[in-house]
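Here come two complexes built around chain A, the first alongside chain B, the second alongside chain C.
Then we have the complex of A and B:
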């Protein structure tokens, strides 16, 4: 039997990871390449809403229907990534009653279950809603952890034989005889799990088909292949609060606009967002007014947000796409639907398919469609099973409660660990070694950190997205160096560890810059003191390229003079 | 938002931390989440914690017990990790019962986080939801926390109770069945309670006459507005009425008329055992009578620093009762109040003392006095008093923390925490102790064998003929 067809998937976001899983489960050979760590692009920079479809129930009912279908699927296959919060569309006095009714009717038309709550009932559910909220529509929105979701998809793909290459940038699309036959990839630091400090290299990965799932970067990949993919990146800001002001997703019930959603996410709430077109998905301004506006606007729904502590803000870039003939002026008018661009039909370039647009909630459906398409092109007949087979970690959660007492962890630590690890909790947390809490803000123990290092190699940001370590209120102030220590213990050398540690601190700092007032400013000053002075992160000779010859230091005055009265050199 | 944000931050910061005044947790107005509950929003507390760990380094339990995760974990960290709608899955860690509620973390915190409020709330939730109501430990704690009830019964036959409570075989049984340590001797019940004495003496009417007579002697207007309501608490009523009597005589000496209103237990031992419903019942009684009196111009005075702490800080943090804020902001410790309103220091300077109390005292400042900013009060005041010497035995916790040190499983920890204080008492001059807190007094006596007195008794001896 001939070897199975081999597909290269470009992009380690939800779509790419979903496609890789689907292809691998259908028996195809898969290599996924991603320029950063998994979720590096838009997937890692969204507010973690698992749409019920309610948001699109008036403006885009096709998307709304897809959302509610996939919402139900993900509750089954990704239980450990989903927090079933429910959602509210709340109406303030100045919001249109007509729109409220349209929303309700739209949900009904799209099979989205609803319940209308009075203002008092809504406040009973969420006590911090503003007193003048008149009424609300309950919908089955939920919170989803995009990191965990993508990592689980990638892990599943790997289990089915896929090769996952992070920190590997596509530098060219190889076209031979008018067809795409592979990609040229620059590995940042060597193939396989990323290892700093060893030599990187260029690799040509040949493929029977290439899937361009590069999101905001899809246009760039298209360019390399000589086809025009008009992605219109649009940025949006999200602000992370220190605590959960609400336990239910809160949307403002009005036609699409900025700053109209609060999503409870793990220990935090995420406020969002804005919508502004940018030229370059990698280089755009992050401006304080965007953060201020989001907080001010949402405080109309939840007044306590005004004085609440924010821990950071981040920006994501939507990879919006619209067919060339539409030409919207305002990015908010561009559809949120996804498009499959079959380059053989469209551009007379066989061997490559691009997927653009869409949203995380429907990632699996998009993946299914593109996998169907690729299979059809490659003449493979296999059914999609991604809607039926649970992701790793969501396999069987019945035994979870027993874990709580088993691992000798303090209650909230055990609970959070099991929430994150799902059905993997047993294999990860069951250790004979001491298992102290490394990140106290998010309750992450050493065993979970070590598990993440095993999965992701030397990238501490990859450890972060797997575990939430450094994502709590101190933003790594108290645990970044402990993570570095774990990396060192795992056998990586000083320089590798230090480089990874630097990257982690830089990434944490990037978001904190937009939260530096009040409580988080105090926090940042303390973290600065810890990092810069205690650990001398500012001017550490050990950061230099040369190894420090610690043996060259003398043994000190006591040893030199043989007694406590020895010379102190003054 | 930057502008308005910086404004609001400044105001909050001012409310939050004012080093010159005691940190009594007034940084934010507690908002009851629902009308019918006492659930307060602790988000501001969690937001204010920047994890510096100063609370952990000030925790006397963490100092001697490496397994105790400390106040930062018990308070803001656990609250934040636990806070989620599917609450039933997120349990309170059982280490919350190791906290002794000394409340040192409150005053240690540079950000004004009311850690004790978070601990009290978590402990209440732990006891309500996770502790078996059929366990002996629950009933042991409930009995210890409701000391007032036992004391009321015992006081009807004080001599018999005193004999029975310290009867060896009975104590052995109490330790084996209930887990009440047999190492300690139960405090003696007075043969006449403070309230009995007060009634026999003529109550408020007699006090008014005496106060007016003293005002005349002092050259003050006879109808001067000097009236206080005395919160004696359980211990001064049932065990040490001499402290309550000293309070009455000292206050009348300064021309104050006193009333002794209907009152419950302050709730201190109930908070410490997570029995918030019990505490609430008692608080209802006290707040109701005290707030009426305060409306009439009285101030509330306590001679026990844990009682004044409860009324001032824990009540408004934990309960939503009509008038509770009024009570909290008009409650004072007995000596503190006189320092504010009378030339107490000068009066003491020109006084002297002889007789039984002309002595050298080893003074221990209770943690709850420290939290109210009163830890140097007795030393500074009596340092100027002829006839007595006073040594501060340092800033350690006595370790007993009310009912904590009475629990068989906590006894060793309690004594280990107390070690510093015992050492300092031994090396201080004299062999009489002095403190405001009745349970600290038990520990001082237990660890050193010293007799222990209350500052009000010294004031009485110095000032009242």
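Then we have the complex of A and C:
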């Protein structure tokens, strides 16, 4: 072959980015297209649990075994994305002793390390656990930052020659002579659109193979190719607390159910979740009962949650899939396993493969399987190395301490920066210019913001997921305008900056609506007042349809008295 | 034994201060208790009356003209436009550094994000920066101060269609100020004007700063800086920079911590002391005893003890959601001290609008009063004969959308304080 085969990957979540990385590392040409920013779909809207496998140890031991294997892999290759919190399965008096024993035996059967703690021992580890918690099983659950993980996979793919196109929507799958030969994409453009990579226009990207990793949107892509992919989207709420009430993942030790997990994540805890099938992955109700339920139920494990402060809630849509003959009524019955749909065998349509279902913890393993499949179809022989080569940011972790010293970084701000950036800290933070803190809640400095803008273009929400800026208590109240300022500094014009600024405020508001009582309502009123009055963003004259008649307003006491030369009224 | 006074004002923001000043001016023995830092530090330091109508029309040219058309429940309608005028005159008399009283028209003041904001009164430091003044302008930002990006603000002002040329330049602040320095640190240095070393030359700070922007300012008639130009002697700092630059100098108001807001708060607390108001800060009022005759005692929590405070007349000026004069939980919205009735939907999801700048019900949460500012009970009658409410604790208006926060605080504070003092004389 004169040129290496070229594969288009549709979907910039964990699966798509993982597939793009694997293909690129095996020497194939890759273009990844994503309709929003990276993690736009389900990946960016999950609780950030790196499963030990414990959750599946009774119900689905195959998944549990995969989880513990990949848990160990990700601790090695993605250290800068993983917070090794450990996890507990906590038993309350009313929870079944038999299930507790089944959980323990299941973990052992799946090679998941465990330790049984008494109630007192569990409370020693997590003092806010309820007094009547009887006992707990410790497992190696961890917290993982899905944003950082996906960005690192995409960066690695890029280093290996892949082209990453975010804000590029697939508008058609090109089928010629009964085979998929590429996709047609619409690149975003214009002041209202965030752009990165190719700006504007329609492009046909030809490919030797197309991988459909579009998650909850996989059915739509299938439709464009004329094949049936029955994804059953199921929504779940995640409620973000303002602080880490626990430093260990806390699961309720009972059979599957809603509202049974608390994951410590960065400066917060995330409570989850619910499980309700929805018709449309982009348009579904976000409901009060879901928020109230996760708080009320999880307060049985951690009583202080009952009147603790939440900063926002968000919903994710699981792209569940089950083979057509299973037909579960209840989404909680649908398997969490993943499925590779080879459309050549399944639908007599060569050139495209779909991957659906699955979970973040096993994204790399899924990517390996689909890459093996694509290589086999394209006649490429190359070994998978994604489990052995660390992701950008997780390379050479012994260097982290050196960075701390080199930049005089002993402050909490620097500590947080280095935690996020991992082995990239050196190149990002090495600046001669002043490096003030832009987001005080999450301790993000200008250098980190500028690095993220360089990676992601005009999308401040993409900057947010890379840096955590605006994700703390004030939800951007005190720093959204600073981010807009930084976007201007990076060279973007005022109309573009204002549009991106508005999108950031809208996105932050969307989640905060579900946390509007007590301290967070007070915070929201303050932010609203700052943005609406001092910054006058609610009536920004630059956005107004009609021009202001400046001559009708006060030009100052000097102008009224005859004023200085040149002043209005003179 | 309770601490006693004729008038007790609860709250140390603009409404509480104005109430106490008005009561003391009218001859009442007045005490003011406040808990937290004044919310003035969060505000721009601009004193607005009405910038937009409740339906969003604006910017309003003449706020006084627009007041009679406001909804009946609006606090301005409760006190009436004449009282608003009297109250603003009262404010002007107590705040000589503020301007804008020569006209009823609003001014449009450039703010740190690069928009213009309608306001009725502005500090002298902002006077040379008004957007209806057509002098060519240079904005100056500091590398270490990420709240104000002069070049972005200039571009944004151009998008807003201002009638003058405006450019922005970003410079290092002379001397060696670390990146995270607070605005009060900049202001303190400019007050002190120490010798600083710039390119090997020792110079006083103000001169060094002016020298650094002189080239960029050559074509400008006026030069705007972020609002850090001095704390103790802002006029002195501005005059020195203006002398060095040969151009007018002004401040661009910023968000919290707002130096113009802090200056106003400091000045007004000075006025309270001069008026003989007794002030206690740092401790919250946590509870009250009431009878059919009215409020008997309120309790200030201090080092774990509950100290009784008694007065003939009380003014509730504890602020809104931000100042925690209004609080809430998942089920309800309440006023924590007197449990005044706060109208709100039982459905928490009706408290907000889905649009970030939409018509938020929560922004209008607050106590509703009779026409003498006495909070109403469930039956619509005055809940307590000797309790009046002022400022953001009042409901029925959205200060953020209307740009009416300071004006409502001043108007209702003035009316409540005056009425409290009159009630004592009548006894």
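Heads up, the rule we're going with is that the second predicted complex is superposed on the first by the 527 of 570 C-alpha atoms of A that agree within 3 Å, B and C clash if a C-alpha of one lies under 4 Å from a C-alpha of the other, contacts with A are read in each partner's own complex, and residues count from 1 in each chain.
The rule is short, and it goes like this: contacts are C-beta pairs under 8 Å (C-beta built on N, C-alpha and C of every residue); 3 or more make two chains touch, one makes a residue touch a chain.
As the structure is a computational prediction, the values presented were derived from the model and not from experiment.
Of the two partner chains placed by the overlay, chain B and chain C both lie in contact with A:478. Judged by the touch definition given at the top, the superposed model places A:516 against chain C, while chain B stays out of reach. By the touch criterion defined above, A:536 lies against chain C but remains apart from chain B after alignment on the C-alpha atoms of chain A.
A simple residue count on chain A separates chain B from chain C, and the partner touching more is C.
Of the two partner chains placed by superposition, only chain B is touched by A:309; chain C is not.
Judged by the touch definition given at the top, the superposed model places A:379 against neither chain B nor chain C. Of the two partner chains placed by the overlay, chain B and chain C both lie in contact with A:288.
After overlaying the two complexes on the shared chain, residue contacts for A:506 are found with chain C alone; chain B is out of touch. In the superposition on chain A, A:491 contacts neither chain B nor chain C.
Within the superposed three-chain model, A:526 lies in touch with chain B and with chain C [touch as defined at top]. Residues 288, 292, 295, 307, 478, 517-518, 522, 526 of chain A are contacted both by chain B in one complex and by chain C in the other. Chain B contributes residues 1-2, 5-6, 8-9, 12-13, 33-34, 41, 43-44, 46-52, 69, 72-73, 77-78, 80-85, 89-95, 111 to its touches with chain A in the complex. Within the complex formed with chain A, the residues of chain C that make contact are 42-44, 48, 51-52, 56, 58-59, 61, 99-100, 102-103, 105-108, 111-118, 127-128, 130-136, 143-149, 151-152, 155-156, 158-163, 172, 179-180, 221, 248, 253-256, 258, 320-322, 324, 327-330, 348-349, 351-352, 354-357, 360, 362-363, 399-401, 403, 405. Contact residues of chain A toward chain C in the complex are 288, 292, 295, 307, 433-438, 445-446, 478, 481-482, 484-486, 488-489, 493-495, 497-498, 505-506, 508-510, 513, 516-518, 521-522, 524-526, 528-542, 547-548, 550-560, 563-564, 566-568. Chain A meets chain B in the complex at residues 83, 85, 124, 127-128, 242-245, 247-248, 264, 267, 288, 291-293, 295-296, 304, 306-309, 404, 410-413, 415-416, 440-443, 472-474, 477-478, 517-519, 522-523, 526.
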